[in-house]
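The two complexes that follow have chain A in common; it is paired with chain B in the first and with chain C in the second.
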Partner chain A sequence: EERAVRLDKPTKKKTKKPKKQPKPPHENGNDSMIEKTEPEHVDAPAEFSFPPTFSVSEIKNKQRRHLMFMKLKQEKRKQKVAMKKKKKKERDALGDKAPPKEVPKTIENQRVYDETTVNPEDEEVAFDEGTDEFSAYFNRLTNPKVLITTSDRPRGRTVRFCNQLATVIPDAHVYYRRGLALKKVIPQCIARGFTYLMVINEDRKVPNGMVLCHLPDGPTAHFKVSSVRLRKEMKRRGKDPTEHSPEVILNNFTTRLGHSMGRLFAALFPHDPQFVGRQVATFHNQRDFIFFRFHRYIFKNEKRVGIQELGPRFTLKLRSLQKGTFDSKFGEYEWVLKRHENDVCRRRFNL
Partner chain B sequence: MQHDDVIWDVIGNRAFCSFKVKTKVQNFCRNEYNITGLCNRSSCPLANSQYATIREEKGQCFLYMKVIERAAFPARMWEKVKLSKNYEKALEQIDQNLIYWPRFIRHKCKQRFTKITQYLIRIRKLTLKRQRKLVPLSRKVEAREKRKEEKALIAAQLDNAIEKELLERLKQGTYGDIYNFPIHAFDKALEHQDEESETDSEEEEDDEDVGKKEFVAEDEIEESDLSDFEDMDNLKAGSDEHEESSEEDESEEEMEEEPEASGSKGKMPLKGAVFRKKRAYVEIEYEQEMEPVPKSKAT
Partner chain C sequence: MADKSQVCSVWVGSETGILKGVSLSKKQAFNFCEMSCLSRDQEVCVLGWGDEHETEVLVGSVNGTVKTFSTEKGIFTETRQCGESTQGRFTGIAVTDSALITCVETGLLRVWKEGSTDTVEINAGTNVCRMRQNPSQRNQVATGGKENGLKVWDLERPETPIFTSKNVRNDWLDMRVPEWVRDMSFIPDSDKIVTCTGHHQVRVYDPASPQRRPVLEAHFGEYPLTALSLPANQDSVVVGNTHGELAILDLRKGLVRGCLKGLAGGVRGLQCHPSLPLVATCGLDRFLRVHSLEDRSLQHKVYLKSRLNCVLLSSKDLELSGSAVTGDVEEVKEEGGEVDEVWDTMEMINDQAKKRATDEEEAVVPGVEKTTKKRKVVK
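Let's turn to the complex of A and B:
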């Protein structure tokens, strides 16, 4: 019956005090409880005004502990709401003189300043970009022509991904790999006038890597591919992309490395987008992850635009950038992802 | 003394041989000097005092020979002969060295030598081809990266970013004259939110005003007559057709754009057009409000 009595007590959720008073006579084993609840007996009228000197975790009984914890949470929530109300009141009372709203700290706000960030007016950068490997494209001397292939023996998912990529990128051709060596493929591509070689690497039936090689003698970028969604898996998607050249959006490529990445992606697409097609391909860089999306847009009026996602989506993470065409052993690496550099500080990014 | 039969009796048949590997079907011998790899009376290097093998070290083949005269000197027991890299010459060497030896050993030596040269050739060919490098993935690192990617995706707010960029481009005029959002209507767009229908109606009101005047004039004449309903209908029909044609041109232009480029957005664009035609025909008096409704359906 003692047990029965004890169990009854927690259901009375009025206040803490009535619960505790009958406890000491019943509980002999829980000495710590008894000692610590005594000081609170003194302040019977004050409900919860000072922080209790015991922590919820010291209650041995799971049910009661849980209930105490719930109460604690409720109190905290109430306090939080009260604080917010108070602040809002003060704000309104001050009116125009109120101090400006504090901007919350985000990782992007706190980003460690990268010294290679490009200044828009920087002449040196402009000069470099005028004479680098992409200058031929940006001076409209060449048109992009992309060869898409995979690693050996691709599975269905990778093959479908390649086909969808080929519809997204105008003038892209998909070829089976058949065990060819890349070093031998590259001269043949150059001979046939390709400007890009894209190799999708596959692991465990899923694409997980991409090697993007700019052809005449351009840089080779090696990416880790993740979160691939094929067209079938997209919710609320539109019809298939048409043959029109899409526009390109490149967001957040700030550093020198980011700039060269941006140019790399831009050179995949033809110079003049066909606005009639109303398609846009986006490469958005956020915290060193490059998100690729392909949308169709429609302007409802001057202030609103509606976008609908077609096409595959995937994310890329740059692993290495190598000067010259693909040569993993003897190539000269401009940049390699080193985990220990980036793991030190969460707010340091390279792109 | 070397009693091969006794040795074989003991290790091969009765007691334990540490080189023997037993499987369900067969017995193998793990001794490095074994010529065939099987555990047989004739292939056992321990149970044969006259024995020869071929072994390969770093791409070089050697012929090892053991004779009974040296059975007492384990350190000198095996005679090692380096074989030539030329296949035929090496075979001749084997023949010369094993000239009066039993047929079995000679044959098996040559067989083994052939096999070894074949696999050496294969190794050399494979090293020239592409080597697949296996990179180990650390589970923790992968999980961490996945988490970071999710958070980055949330922080990116892609849809908003894309929309903003597109609107920026529209403002800067990269699209040229494709989209007719006249600037004076910009203010109206500021006032009336979400009302593309209104700007459209304003644009078209001009056209309809022109039409309307004609219509009203005709109507007055008819009303004054109040004679034949048939006449009214005929005249009405005439004006209707006129109105219809002008409207249909406009409507068709706009509807054509939409199905061709983004039929996905419009649920039933074709039906909308048909719907519109019918409606325009029937309720010509209420033109201004008719236009926007199908349009909103389409977008």
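Let's turn to the complex of A and C:
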């Protein structure tokens, strides 16, 4: 019976325009076609209700399948609009007594509670953080001094990225790698008083990885770098950053691992920001991706701020955190990203 | 404090110096630390049982002190100074006949006798990574380290080891294979010793055989193996490496039987339960995990806030589910008995009552079995 119905359908190719017209028949020259389809449409629901497992995808003819699918979509859209209208009417009718608007579910809303989330009053965690490798910086015993280098033989984009990073981070020095082994570079850095070693790894002329090693004995973090935008590529950017120390914003580092990461980034910058410079570096963590942005702000009045993005922007994803300085073969890892174990639940994050 | 420590079935030592007791049945963790003054030089390096009945836990710290913690009383009862922090960290602690054996990284193995201040000293070479005691022959200990092969010492003859292992032959490039023994264990009911190395090898040595080279060698992974433990049944060994990969290896052929998932950080401490097929691991990711060895599933996971260095399992039954099930069955039987009595007192309906009573009992018993099955599946 269904097949009989469909044979009656006009086999002429319908153009898209009449298809997209709303259901109330229009006066264009396609009246006949629409009239034909309408009774079919009236009959069709009766037919459709017969086999409950029928779906549009079972029609073998591509054109007819397409037509039926489009009809289905239009129906659904109509129902959705009608529902919305109805809800709005009810809401207006209730007025003040209306129930509050439902918040849509997002992955951040639905995030599985992580038991390692740091409680600010926790003494043990406070002691742990107070005596870990960053305690020298946070007790104001050392000032940060960063050495930025790359993997061997970097190409132009990476070199420019390193130079721009050096302008963003105060007291940063860029050195050419010259094929030296990191394990041999590290003791020399320690001897010269560096507190951080940052190595930007390059692949196919684009920076794609970063190793951030806190010296003298601090943790080494290995990141995947993506979405690098250099200053030239930024729209509506301001002038180049000045030598003032920026303020640092660390967003959303809630878990214990997140705390370690936050401290790692905070220790890159000098303790006291120079507010005269009106510059701010932001490390924003969302869904385990850390977004770095560098802005200059200006207060227009007490309540309104204008910001200008300067400087490079990039995204980081932590791949591993190793205790001790860089030793990928024999070092002990505090946390390793294991993709298959992390992919099990889309709402579970580590930072 | 005493009741808390009596319930604990797993003891964990952390880098902040806190001894933590975990009760898996109650799903609670307790911190046992002396005062609110903690310091990093009290970092726990080794944990060991002070006696056979597992009533005392010996805690060895970085500053050279060995504290005795009584599980019954819940407090630290004794502190001994067994060396200074300049001599290196403790790599092993054991007890024989009221004498305490300690070994430090610089290779100094000392036997501290009760009451006398002099010690029997053995120099076990440099860079010792681990010292373990033979559970069946308590006066034998094994030591091993970086470029320091496995040596088995008898404490009654401290001059020379009773077994010194030999390095394997040169590899296919005719180069010396580097040696780095990270952990070892004595296989019960035999003389053999199984070791895991920092070059991701697992080796079995047999002092009874004439060859001093390893009898069996197996490889796992690409990262240094840090900890090793033997489960209750023979022929297998559980190893963990710095990347948080745990594997069960078969010692008959040297193949990997399976991996245990879940760890994100390097494994620092690993111990199998003496009788149940369970293994407890602790590591740098600040979690204590208990896996089941049969189906390799995670049974318990406890967040313990500091990086963990060593773990100690007690031999008693870890889980409440066993006792809970028996409790339920007992209650059910009692109820059935009561119902029988009630029905028996009512005269007229005796036959039907008996049938119903039996039906109820039959219905109830499979019900209990079902719940136990459910529990196993849920785990």
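As a convention for this text, the second predicted complex is superposed on the first by the 274 of 351 C-alpha atoms of A that agree within 3 Å, B and C clash if a C-alpha of one lies under 4 Å from a C-alpha of the other, contacts with A are read in each partner's own complex, and residues count from 1 in each chain.
Following the convention adopted for this analysis, a residue touches a chain if its C-beta (ideal position, glycine included) is under 8 Å from a C-beta of that chain, and two chains touch if they have at least 3 such contacts.
These numbers were taken from a predicted model, which means no experiment stands behind them.
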- Message: According to the stated criteria, A:R204 is in contact with first (chain B), second (chain C), both, or neither; which is it?
- Response: neither
- Message: Between chain B and chain C, which one contacts more residues of chain A in the superposed model?
- Response: B
- Message: For A:K235 in the superposed arrangement: first (chain B), second (chain C), both or neither?
- Response: neither
- Query: Touching A:I307, do we find chain B (first), chain C (second), both, or neither?
  - Reply: first
- Message: Once chain A of both complexes is superposed, is A:K101 in touch with chain B (first), chain C (second), both, or neither?
- Response: neither
- Task: In the overlay, answer first, second, both or neither for which of chain B and chain C A:K62 touches.
- Result: neither
- Touching partner for A:R178 - first (chain B), second (chain C), both, neither: neither
- Query: Between chain B (first) and chain C (second), which, if any, makes contact with A:R140: first, second, both or neither?
  - Reply: neither
- Query: Across the complex, what residues on chain B touch chain A?
  - Reply: 129-130, 141, 145-146, 148-149, 151-153, 155-156, 158-159, 161-163, 165-167, 169-170, 175-176, 178-179, 181, 185-186, 189-190, 193-194, 196, 199, 261-265, 299
- Query: Okay, in this complex, where on chain A does chain B touch?
  - Reply: 106-108, 181-182, 226-227, 237-239, 242, 247, 249, 251, 275-278, 280, 282, 284, 286-289, 291, 293, 295-308, 310, 315, 317, 339
- Item | Residues on chain A engaged by chain C in the complex (per definition of touch) | 115-116, 122-125, 127-128, 131, 256, 323, 329-336, 338, 341, 350
- Query: Considering the complex alone, what residue numbers of chain C touch chain A?
  - Reply: 15-16, 18, 31, 36, 38-40, 198, 223-224, 226, 242-244, 261-262, 264-266, 268, 284-286, 303, 305-307
